[in-house]
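Everything below concerns the one structure shown next.
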Amino acid sequence: MAKLSRREFLIGAGGVAAGSLLAACGQPTAAPSPTQAPAQATSAPEPTDVPPTAAPEAAEATAVPTVAEEPVATGYTEAPMLAELVASGELPPIEERLPVEPIMVEPLGEIGQYGGSLRGLVPDPTGESPESDWLRGTALAMRSADLADIIPWVVKGWDLSDDQKELVVHMREGLRWSDGELLTTEDVQFWYEDTFLNTDLTPQVPIKWAPGGEPMKVVIDDDYTFRLQFAVSNPIIIDHLPTLNPWSPKHYMSQFHIKYNEDANEIAKSEGFEFWYESFQFHAQGAQFQQDADRPALDRWIYERQDNMGNRYYVRNPYYWVVDVEGKQLPYADYVERMSTENLEVMNAKVLSGDGTHHSWFLSLENYPLYKQNEAEGNYTVGLYPDLRAAEYGFCFNYTHKDPVLREIFNDIRWRKAMSHAIDRDEINELSFAGLGMPRQPIMDPTASFYEEGIDQYFIEFDVDLANELLDDMGLEWDANQQWRLRPDGGPLSLSFEFWSSKANVTQVSELIKGYWAKVGVDVTLKPEDQQFYQQRMQANEHTIGVWAIGGSSETYSRQNEPIRYRPPWHWPANSPLGGTEWHQWLTTNGEQGIEPPEEIKELWDIVAEWLLEPFGTDRYLELGREMLRINAENLWLIGTVGLVPRAAIVKNTVRNAPQPGQALSVETGMWNYYQPEQWWIEE
Amino acid sequence: MLKFIANRLLLFIPTLIAISIVTFVLIQLPPGDYVTSYLMELEQSGQEVTAELATALRQRYGLDDPMVIRFFKWIGNIVLRGDFGYSMQWNRPVGDLIWERIGWTVAISLATMLFTWLLAFPIGVYSATHQYSPLDYVFTLIGFLGQSVPNFLIALVFMWLGYKWFGLEIGGLFSEAYLEAPWSWPKFVDLLNHLWVPMVVLGTAGTAGLIRTLRANLLDEIRKPYVVTARAKGLPERRVIWKYPVRVAINPFISSTAYMLPGLISGATIVSVVLSLPTTGPMQLRALMSQDMYLAGSFLLILSSLTVLGTLVSDILLAWVDPRIRVSG
Amino acid sequence: MFGKTKNKSEGLFTASQWQLMTWRFSRHRVAVVSLVVLVIFYLIAAFCEFVAPYDPGRYSAKYVLAPPTTLHFVSPEGKFSLRPYVFGLESARDMETLAVVFEVDESQVYPIKFLVHGDPYKLWGLWESDIHLFGVDGEDGMLFLWGADSMGRDLFSRVVFGARISLSIGLVGVFLSLVLGVILGGISGYFGGAVDVVIQRVIEFLRSLPAIPLWMTLAAALPHGWSPMRLYFAITVLLSLIGWTGLARVVRGRFMSLREEDFVMAARLCGASEMRVILRHLVPSFLSHLIASLTLSIPGMILSETSLSFLGLGLQPPVVSWGVLLQTAQNLRTVVLAPWLLLPGLAVVIVVLAFNFLGDGMRDAADPYSH
């Protein structure tokens, strides 16, 4: 498969994209973090030039929607369904609903028509759907297409002070909540004092919003200006802005807050809770958990209702503050629907029959021939869209394994190199990913600004002889039958390979790896496990090998959240620490607990920490980034198989201004949100 | 008879208590809890997962209370307020969720049961009375086939064929058009169109089993001397068969009504999942797999209580049908 | 009462109970056929390494989802031969649909032979060999009797290997359930009174615990150091300890009715002990139902294995069992593009049918009232 170079990626809006990090995208505010929503990208005006990976047709040069620099229209128009409500007096006229300076977006293809409904399918009534649930949200800011800038979205702009300890934020005048009330700093203050600082609602402030150990301060200047103040210099705040939504509709939510309503506890009890904060959180929740249709929001489409089958219905936000270059208020589509089935096969069958307007999250490459076969009947187009995931399947050895013999073996670089060379990645690619992926280590994708050519190809050749040589070098001798190698202390070298078995290709790849390692004398026992149990084992440092799909590896993700793939334990430590759990303990408790890591790890930890403190785009930033990747690549703590596998996606032929095959579609860029769903329209 | 019933009722309560304790413990046994699986999902979609989030969520859902406290809270709520707790997956009260689905679950189960009985009875009797006839072999074969093929397999195949050959909309009980519409004749027809697949799939195994057992039992009875006597005395054949032997042959069925009741509620989980039916089965399965404590626990409690109730009913029925048992207590 | 007499010349009238049964059984043709079929299946399961043409783990990207190979009996020249042969198979991936497309290469001809050399194996882990019952010589030709799966593995071989697990896994469990069910149910029904009440409560309690959550809990509670096979075995045993209740209830019902029968009274009058009455007299009269239940339970176990594997609770890959094979075939892609992957279902059906017919025949044969 054609190797995408970084240049091609960057130029082609194909890979380039927004950092809409779902980092709290629609996260229910049961969490202590503020109600956040996914950020979207604006666009780069560059054409999509990505050479087709294995897509049959060359992708057309299309641009991702742009935010217009100069307002073009003079008058505004609105959707017919809203015009009716204005005529009957239920809604104020459009000029009074939009802010003084609404955002103008140049649509991807053409100016659209109003009407229709975007519809996503989901195979689990309680799960979330990137095709529908994620489409709604908006955030304070979003990433530009080339990753270099953060662009203001809900707010008008900001200024970072010279000492980088204060950020002044300017809001848009006249921007309103979905019920018509103005969004002002009153809502910001309410959010800050009464939710962020309230220990019942936010038991613990995430580290992100408490640089230097102290929660950030919010100071109100006037109705439309506020400041964020930090205890220490915090330039990375800019990167975090797309995940920040520092407001809460005070005029609505205060009725559930004990400070403003002394009957809040009674209200909670009448709703079936015990305390006011439970009911508060219930009402504040977003995403697929939202139950309160009255809660005001800033979304493109607002929650209307749901039924007990898991189907959810969203309707356009009459106060949405974005218009197209002709002054038509967005979104074009009137509704967003989420239809749920009980299982994946029924969902697939519905997809084939033409149900739903766009699909990707739940599609699999294995079913591609099936999707292709039904294109005519379903009136859709299926295609391959590049994804930025570093590796579909990556694993760590447990470097802090309880067994000292294994620990010593795993920490030997020759071992890791050997195990990597023993894997036939081309075969895995053919069998599990239709040959569409790229054999590579799970290092950042080529769109990263400090990416170096070849950094993902360390120790990647399939070379059984070399592997055997390295193992011989380590002193791991063969047994009498020349079948398995022996541990230094005598017993057979046998490893327990636990993995989460629900994903079909995890099982498949694990089986293949077992076969490859058997050829170099390492005996592997496969243990498919329940996901929760597996995670617990990892958390308790009891596993031998930690396997996972390596997403969350892009530059944007690493800046906006945490560079989870570039320092121990190479995944979220709270949930699924893949390897080096005890090192992580040592590093985060300053040596009080855990096991002391080797020098390279300490060095890496310091470099990553410094990188996070460095403002985006400076030379030092690039230098540190390169170092970070290099150390990881050279030491091969996280081993991968195949990455950058495109995803299959289906878009109905009646949907316009939506992404086409060959354009990037990735969680790292917010999936569909990168393509501004508000400017998609449905042709009748 | 009354003494019999009273006796049984007295034992009902302690059994229920024991059941509630055991089911609660069962739910808690697997390691991890709802928060673990929820965080896992968050992570899958690229969201930030921190230890603080985990703690906060656990606190919010009361998952860090000791088990004993949680148990009493739960039982207390059920008994005193009829409140079955809160489902963390669905973010709604458990009672609402179960209640909404029970209607269809019972409807489908009853329909299937009726289908099964109506079909199985005459066939079973015919088979027994015409043993070894060609039709007997045919019925036996069909019956066995129905029992041998795994349910979920037929379900999937039928669903696809229904779509390909008959243009039926896939899954669920209604086509989209009628989903929210008020009841009308076309809506009813639409329901039947969707219903036949689950009924056939769910019914085949049950029908076969019933036919077999009925046939076996009836064959036993028919050979008994009293039947020979009745025939010799000139009683019409139909009376000979239906008056006594059939009544006795039903004996094992009555024993098995005990678990028919919970079966009605849990509604053939696997097939419902495959066919995407709005019944309690799939909901229960999902609750168990993600350890949605209150939802899963409530299901277990309801099912178990129904079983005990069913046993009671079945005992009473047995005593009524077979007077010999009544006498001996 | 039906004791043996020593006068052989009276033939039929003095044949023992078991002799009578065997003789009656052999008249039931379908049952006999079923017995033969089952014996064949169990033999195949026992010698699966020899019978299967390939190693079940042998995969290849070249043959992903290959359809069943056509057997030809007439050569391209028009010659008929008793020995069938297959053509070579070429494959390539269609980049439009991403499917692997196959083309038959008629220039390569591979006759099918018996006792060929193929993938090496160790029969029962003891004897090394590489002789297979049938197959094609060499490495290039492939004989996919039932097609290949998504990793290019021969389905027929996998089904043969799967037989070993699927046919054996339920036997112990069923046996345990049977023993427990008959004994406890019998005691309960025969003695009545307090004993009955206690056993009934226990049964009720156990039966009210629903299967699926129980299974999940048990699966979680068992030590995870065990291999999947051992876990499954353990769970099957545990479940049978709960499963005996079904049979017990029915037995009890029957016993309660039967204990008033004349022959029981007669036995008691003769001085027979209670246990003897139960075992020697009540049970045989109940035998037919018992046998019907037994033969119905085994396929029940087999079907349970497939259902639970479907839910992801039973066996899982890389273990090969019919349930696992069906579970991976349980999707639309299979139904539409590769329906041969559903053939393990055929194996299940045949075995279950055979057990049912067998049970039927045995029941008929054991019935003391038929002439």
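Letters A, B and C mark the chains in the order given here, with residues in each chain numbered from 1 onward.
We take it that contacts are C-beta pairs under 8 Å (C-beta built on N, C-alpha and C of every residue); 3 or more make two chains touch, one makes a residue touch a chain.
The structure displayed is predicted, hence computed values, not measured ones.
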item: Chain contact topology (line, ring, star, complete or other); value: complete
item: Chain pair showing more contacts of the two, A-B and A-C; value: A-B
item: Computed distance of Cα centres, subunit C from subunit B, in Å; value: 25
item: Rounded Å distance between subunit A and subunit B, as computed from the means of their C-alpha atoms; value: 41
item: Whole-Å gap separating subunit A and subunit C, where each centre is the average of the chain's CA atoms; value: 47
item: Where subunit C touches two or more other chains at once, by residue number; value: 220, 330-332, 336
item: Per-residue multi-chain contacts in subunit B, two or more chains; value: 30-31, 156, 160
item: Where subunit A touches two or more other chains, by residue; value: 345, 349, 530, 533
item: Residues of subunit B defined as touching subunit C within the complex; value: 11, 15, 18-19, 22-23, 26-27, 29-31, 137, 140, 144-145, 147-153, 156-157, 160, 209, 212-213, 216-217, 219-220, 223-224, 248, 251-252, 254-256, 258-259, 262, 266, 269-270, 284-285, 288-289, 296, 300, 303-305, 307-308, 311, 318, 322, 324-325, 328-329
item: Touching residues on subunit B, where the partner in the complex is subunit A; value: 30-32, 36-37, 39-43, 45-57, 59-60, 83, 86, 89-93, 96-97, 100-101, 156, 159-160, 163, 169-172, 272-278, 282, 286, 290-291
item: Residue ranges of subunit C in contact with subunit B within the complex; value: 30, 192-193, 197, 200-201, 204-205, 207-210, 212-214, 216-217, 220-221, 246, 249-250, 252-254, 256-257, 260, 288-289, 292, 296, 299, 303, 306-307, 310-311, 326, 330-332, 335-336, 342, 345, 348-349, 352-353, 356-357, 360, 363-364, 367, 369-370
item: Touch list for subunit C against partner subunit A, complex; value: 57, 59, 61, 64, 93, 95-99, 150-152, 219-220, 224, 227-228, 312, 316-318, 328, 330-333, 336-337
item: Subunit B contact footprint on subunit A (complex, rising order); value: 21-25, 27-28, 30-33, 124-128, 130, 202-208, 272, 278, 281-282, 285, 289, 291, 308-309, 341-343, 345-346, 349-350, 353, 530-533, 535-536, 551-552, 557, 561-562, 572-576, 667-668
